[in-house]
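Data first, discussion second: the structure below is written as structure tokens.
Letters A, B, C, D, E and F name the chains as they come in the text, with residue numbers starting at 1 for each one.
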Amino acid sequence: MGGNSDMKLIDENGIRIDGRKIDEIRPMKIEAGVLKSADGSAYVEIGKNKVLAAVYGPRECHPRHMQNPAKAIVQCKYNMISFSVSDRKRPGPDRRSVEISKLISEAMEYVVFTENYPRTSIDVYIEVLQANAGTRCAGLVAASVALADAGIPMKDLVPAVAVGKVNDQVVLDLNKEEDNYGQADLPIAMIPRTGEVLLMQMDGHLTQAEFDKALEMGVKACQEIYDLQKDALRRRYAIVNAEAEEETREPTEDVNEEA
Amino acid sequence: MGGNSDMKLIDENGIRIDGRKIDEIRPMKIEAGVLKSADGSAYVEIGKNKVLAAVYGPRECHPRHMQNPAKAIVQCKYNMISFSVSDRKRPGPDRRSVEISKLISEAMEYVVFTENYPRTSIDVYIEVLQANAGTRCAGLVAASVALADAGIPMKDLVPAVAVGKVNDQVVLDLNKEEDNYGQADLPIAMIPRTGEVLLMQMDGHLTQAEFDKALEMGVKACQEIYDLQKDALRRRYAIVNAEAEEETREPTEDVNEEA
Amino acid sequence: MGGNSDMKLIDENGIRIDGRKIDEIRPMKIEAGVLKSADGSAYVEIGKNKVLAAVYGPRECHPRHMQNPAKAIVQCKYNMISFSVSDRKRPGPDRRSVEISKLISEAMEYVVFTENYPRTSIDVYIEVLQANAGTRCAGLVAASVALADAGIPMKDLVPAVAVGKVNDQVVLDLNKEEDNYGQADLPIAMIPRTGEVLLMQMDGHLTQAEFDKALEMGVKACQEIYDLQKDALRRRYAIVNAEAEEETREPTEDVNEEA
Amino acid sequence: MARSIVSEIKRDHIHKLIADGKRVDGRAWDQVREISIQTNVVETAEGSSRVRIGNTEVIVGVKMTVGEPFSDTPNKGVLSTNAELIPMASPNFESGPPDPESIELSRVVDRGIRESQMIDLEKLCIEPGKKVWINFVDIYVLDFDGNLFDACSLGAVAAIKSAIVPAKANGLGEDYPMPTTCTPISVTSLQIENSLLVDPTLDEEKVATARLTVTTDDNGDLRAMQKGLSGALTLEQVNTAIETSRRLGIEIRKLIR
Amino acid sequence: MARSIVSEIKRDHIHKLIADGKRVDGRAWDQVREISIQTNVVETAEGSSRVRIGNTEVIVGVKMTVGEPFSDTPNKGVLSTNAELIPMASPNFESGPPDPESIELSRVVDRGIRESQMIDLEKLCIEPGKKVWINFVDIYVLDFDGNLFDACSLGAVAAIKSAIVPAKANGLGEDYPMPTTCTPISVTSLQIENSLLVDPTLDEEKVATARLTVTTDDNGDLRAMQKGLSGALTLEQVNTAIETSRRLGIEIRKLIR
Amino acid sequence: MARSIVSEIKRDHIHKLIADGKRVDGRAWDQVREISIQTNVVETAEGSSRVRIGNTEVIVGVKMTVGEPFSDTPNKGVLSTNAELIPMASPNFESGPPDPESIELSRVVDRGIRESQMIDLEKLCIEPGKKVWINFVDIYVLDFDGNLFDACSLGAVAAIKSAIVPAKANGLGEDYPMPTTCTPISVTSLQIENSLLVDPTLDEEKVATARLTVTTDDNGDLRAMQKGLSGALTLEQVNTAIETSRRLGIEIRKLIR
């Protein structure tokens, strides 16, 4: 948080620099099943963020000593590709992405029925192709859709969004300028069915009243995002079913290893 | 060794800049059993040096291929914490500490009855909290007290001290200024009972006569340090016994895993 | 390829700066069996290049997961020592040497009868002591002689040479200046008995006609180099036989572990 | 094997106590272990502290050097916070590059200091765009019995408050105390089953389902938060954790001179 | 075990088809899969592309910064090409430092661009010996079904051709398109038994014995070649691969705007 | 298994011989193997040597570049010594970052050169505080049959003495020989049971209990020492090792031109 509140980011009518209202999320697009090699995948755009997620597994867990005899482990790797940000990022994990990967892994571990797949690993790879504030939330949104696309049983999908404070006002889903010059950032991820919090971080400066308002806004937005996630999966199933039918009609001579 | 003998480090009365005589060690404080998690530990101050040592083991040796079916291996890791020196040291091992760790490991391996614990590892961690010349010797002193505190059978404790040459005179236990501007440095570690040499390094410039004198001084000082090591252990046993008695009287309801 | 053809590297009589003709290789020296510890070794000089190769194996393959139950794997490591080039090279592999190591390994794997030694590794270490263009070819030449010296059954030796384009002319076996200021470089390695290509790389600019001419020159030169390789092995066998005879006469009392 | 059976027993024991509203060491759910804070423990650092919370012990040093500012904050000093989980502190810590646990720890401690604007970084600018003070806050865990987030934060805050800017040695006038604005305090609540408790021991952490660290400033405002582990928290638990952090923060803040 | 039996069957199947002059997906030996090229897919890059060849997909970005030239080419911009085989793209790719496969791939793609002098590096000199444009061409493989050499080269070439030099943001006048001179195209031929075929799928690569990548320029001249794998190629096969690359290169070059 | 039985037999054999005052290769306890020293073996280095002691062989190069001095020695050139135990030299050496053995070796060789002030580093100052000669002494072990400390030291000393400062190529006047002051020689004594012997072979090193390397200068004064391995030395053994090093040092020093 720059904490610099001199820059005017909200006008007198409560409209933000990208034309949104205080409590409005950016345009969002979710697509499931976008990659062929992965067991499940999803592509998410939230404003100018573009994020891909791919799932492999359940599969044998390497290295062995990380295996859990009672359940699967969920390993998420969040990564920004080198040209996704203004200044080229050197390839490979930095400390920020290690922390985010840990938090996303923990959140996903909660929703996956890991007891179904002892000793295995479920690996989720999140690649940020273009970043514009809110990529960890976009990554969470993509990850749970990709897990569902991979057919892995889950308690629920995981919507996520960041709320923040800009020009002394609580606003929903910060864009890059708001993130850079804002006063607080509060990313949250929810379990929609129970209203529980799965991820919560905060930095900046919030009074209790501001926090209460932010949390309320975030909870509501998560429901919206949850609907978009379900839509994406419905569209995906429709396509898969259509393809399956077609395949039944015209069998190919392909020898399929994974079949 | 700077080799710069222009700087006057010993006055006409044979008194050094910190007030010591030629053959006098710095004030020394040794305390055993200072950490709770470690199996044994020791804290040593020698002049302005502050050093902690912790022992874990005998315990399973990782990685496996390092196991010795006939005896325990002793692995000492000497490390300077980042703010223990004037210029911040980047965390992690440098070449100097790798060499010192190797030499301390070899010395400790000699005194531990390693045949008693085949296939195990005895791990000694030495952390220099504040450095002022002579930290490898302080580390050795702390390591052998920590090993004894861990209840590991040993041939003997290992006192150690550096002798050096400053302003063309042989002097005992160099401090930082003497080390920086001195002409020779000769750290030694001894087996007090047999008078054998367990560690010996030298750099700088010594004639045979100077070396003989230095070795004599060092051997004598090691006996002094040896007494302080034994004292520390005696005090420690007194406390342990007192605690043990007390525990017999008031049992706690704590379920103790390691018990 | 610098691509800078302004510098005159061939005179009006078709003579190059080191006195060679267009289709002439640099003076070459090959010696087999130059190291004691290695199972096989070779030393090669080509012009100002000096290259050593050592072979260890067939021996147990580490790490285990790289073992092939059907055959040996051949692992070549090409390395330039730090002072082999004008600007000191930091020790350790760079991307260039990783690529060259891969290509040499692939080439050697083809000629070794790897099925004879399942689960093992045959390790070839190539150290460039002095570099002057053409070191990958010199390394290949040395590697196959060292493999033969180690007594490892092979389909054939592997001669190699680079052809290039300098001052718009196709020339054989570029030296350093020609490499720096030339227009194309085409290193090739052959199987002499079948005329097949085992290594081929190219960079720069060649028309089809130039390529055809270059390939023809390279194939011819490989035969020359092949003869030198065989010579070196013949000389080596003569020495080995002489030594063996001598040993039969005067047995030493040495207890020989590897015997 | 034997060990994991003991672990099972211990786990059940802790769960049973918690269900009865009790803790293994007899503390109340919102009671912090004994805290000891020593400062100026290492002469070679500009500021330093040694902090114990129960049997957890950390040593923290602040080193300051003159360097270049980041290009996007030309008139501010630089802060770098690093926590090392050295093998001395626990049989389960290993040497080597930082693992995700120590990276998360470093970053959470860093955020508490950075986002509370505890250090007045603008006062650590020497020449805008060219020369500023670089602060390295290095934390070493010496003895590990749970609650590293709070122990490390407390150690860092105490070390920073004790630091003297080494202006003289750098030819920049007289030395002066580190310019600070407030005293951020982090308090971590742990979820075990459906209960919350503060300042967990290592044994309690082993059976925890979720964790929420809340850092407040002198006004009781929120400055940083971090939820961890793979459990879910109810909104009520989040609010309890915040309220507890604010309340205990007032007491803990008094311990720092 | 089960898997390797299936592999054996698949291998035999491919071999049998090849012997009959056929391929698994019905293509002719010199027929390339469907190619799709999108450019300007990432706003944060100076140039970018997303390229699919069959089920193989890559994304490429070009980032440009102002920096120092190499001392031996004081009047030329700098090119750095890097390909990442990220685990998203295949169950067999792993995180971590680049392995020999990805290093070879990066270097072969780099040579195609560098040796064809596709980028007019002299036009990317700002102040000789002091300031030049540094070009980072970063390639990420997103979905892997064979023929990375050609997919990555094509992606890199398309991204470079779409790049706009960010002069304005660097205070160096108006933005202008990346100065390029030609469009190098690489075509890879694979040897399976004694046959050659182009644009191999992953399954075909698994049974291959040798590989030859040939990069030609707009004139059909050779700019870079790379033979790989441990098989041997006859001189005739080398010539066929070159001829095929030149011929298909003309068609593929048309797809790039 | 078979191998370790052979090792046992060999160990016993060596021990038995030593007990009788004999060595496997028939040398006296204070007899060094045949030494061969070649210099100027690599043109691309400023100085170089190839040294054999028995079947142990090393190659050493000295590279010199112009760079900045360390801030605490502004008027002195810089020395950096590095020994690489490359896998070419022994079935037991592995590729990778330096292990403790090679680090100790590098540092002991370095100390012999540095502490004897063999190189007159003040004469390698070009412009105090700004420009000095940086010396990289790089040692590669090519063939390993024991006694690397002495072989590497000897190689380094020979290479340094053969070096020509490349002043001309750096625009600093005429080339001139490396300024040196003396010829430090290290001699290593090995303890096996209660005996000492010099210039050990690999087989002897395998059964050794302690090692003492002593480096003397032209006057026979001590310049560096290093005790290694986990055995203990009596004071008498220390004195014998010193006396032997001084005596043999005189002979070995004559071999270096």
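Simple rule for what comes next: contacts are C-beta pairs under 8 Å (C-beta built on N, C-alpha and C of every residue); 3 or more make two chains touch, one makes a residue touch a chain.
Source: prediction; values computed, not measured.
Peer 1: Which chains lie in contact with each of subunit C and subunit E?
Peer 2: none
Peer 1: Which of A-E, C-E or B-D has the same interface as B-F, meaning more than half of the contact pairs match by residue number?
Peer 2: C-E
Peer 1: With chain centres set to the mean of the C-alpha atoms, which chain is at the far end from subunit A?
Peer 2: Computed centres place F farthest from subunit A.
Peer 1: Comparing centres built from CA atoms, which chain ends up most distant from subunit E?
Peer 2: B
Peer 1: For subunit E versus subunit F, what separation do you get between their C-alpha means, in angstrom?
Peer 2: About 49 Å separates the centre of subunit E from that of subunit F.
Peer 1: Round to the nearest whole Å and give the separation of the Cα centres of subunit A and subunit D.
Peer 2: 28
Peer 1: I need the residues of subunit F touching at least two other chains; which ones are they?
Peer 2: none
Peer 1: Could you list the positions in subunit B whose residues touch two or more of the other chains?
Peer 2: If we look for residues of subunit B contacting two or more partner chains, we find none.
Peer 1: In graph terms, with chains as vertices and touches as edges, which category applies: line, ring, star, complete, or other?
Peer 2: It is a ring, because the chains touch in a row that closes back on itself.
Peer 1: Please list every chain around the ring, with subunit B first and subunit F second.
Peer 2: Starting at subunit B and heading to subunit F first, the ring runs B, F, C, E, A, D.
Peer 1: In the complex formed with subunit D, which residues of subunit A make contact?
Peer 2: Listed in rising order, the residues of subunit A that touch subunit D are 1, 3, 95-96, 98-99, 101-103, 105-107, 109-110, 186, 191, 194-208, 211, 215, 219.
Peer 1: Can you tell me which positions in subunit C touch subunit F when the two form their complex?
Peer 2: So the residues of subunit C touching subunit F come out as 35-38, 48, 50, 52, 54, 56, 59, 77, 79, 81-88, 91-93, 123, 125, 127, 129-131, 254-255, 257.
Peer 1: Once bound in the complex, which stretches of subunit D touch subunit A?
Peer 2: On the subunit D side, the touching residues are 98, 100-101, 103-104, 106-107, 111, 114-115, 117, 212, 217, 220-235, 238, 242.
Peer 1: Report the residues of subunit E in contact with subunit A in the complex, numbered from low to high.
Peer 2: Interface residues on the subunit E side: 3, 6-7, 9-10, 13, 24-25, 41-45, 48, 55, 57, 59, 61-63, 65, 82, 84, 86-91, 95, 97, 136, 138, 140, 142-145, 203.
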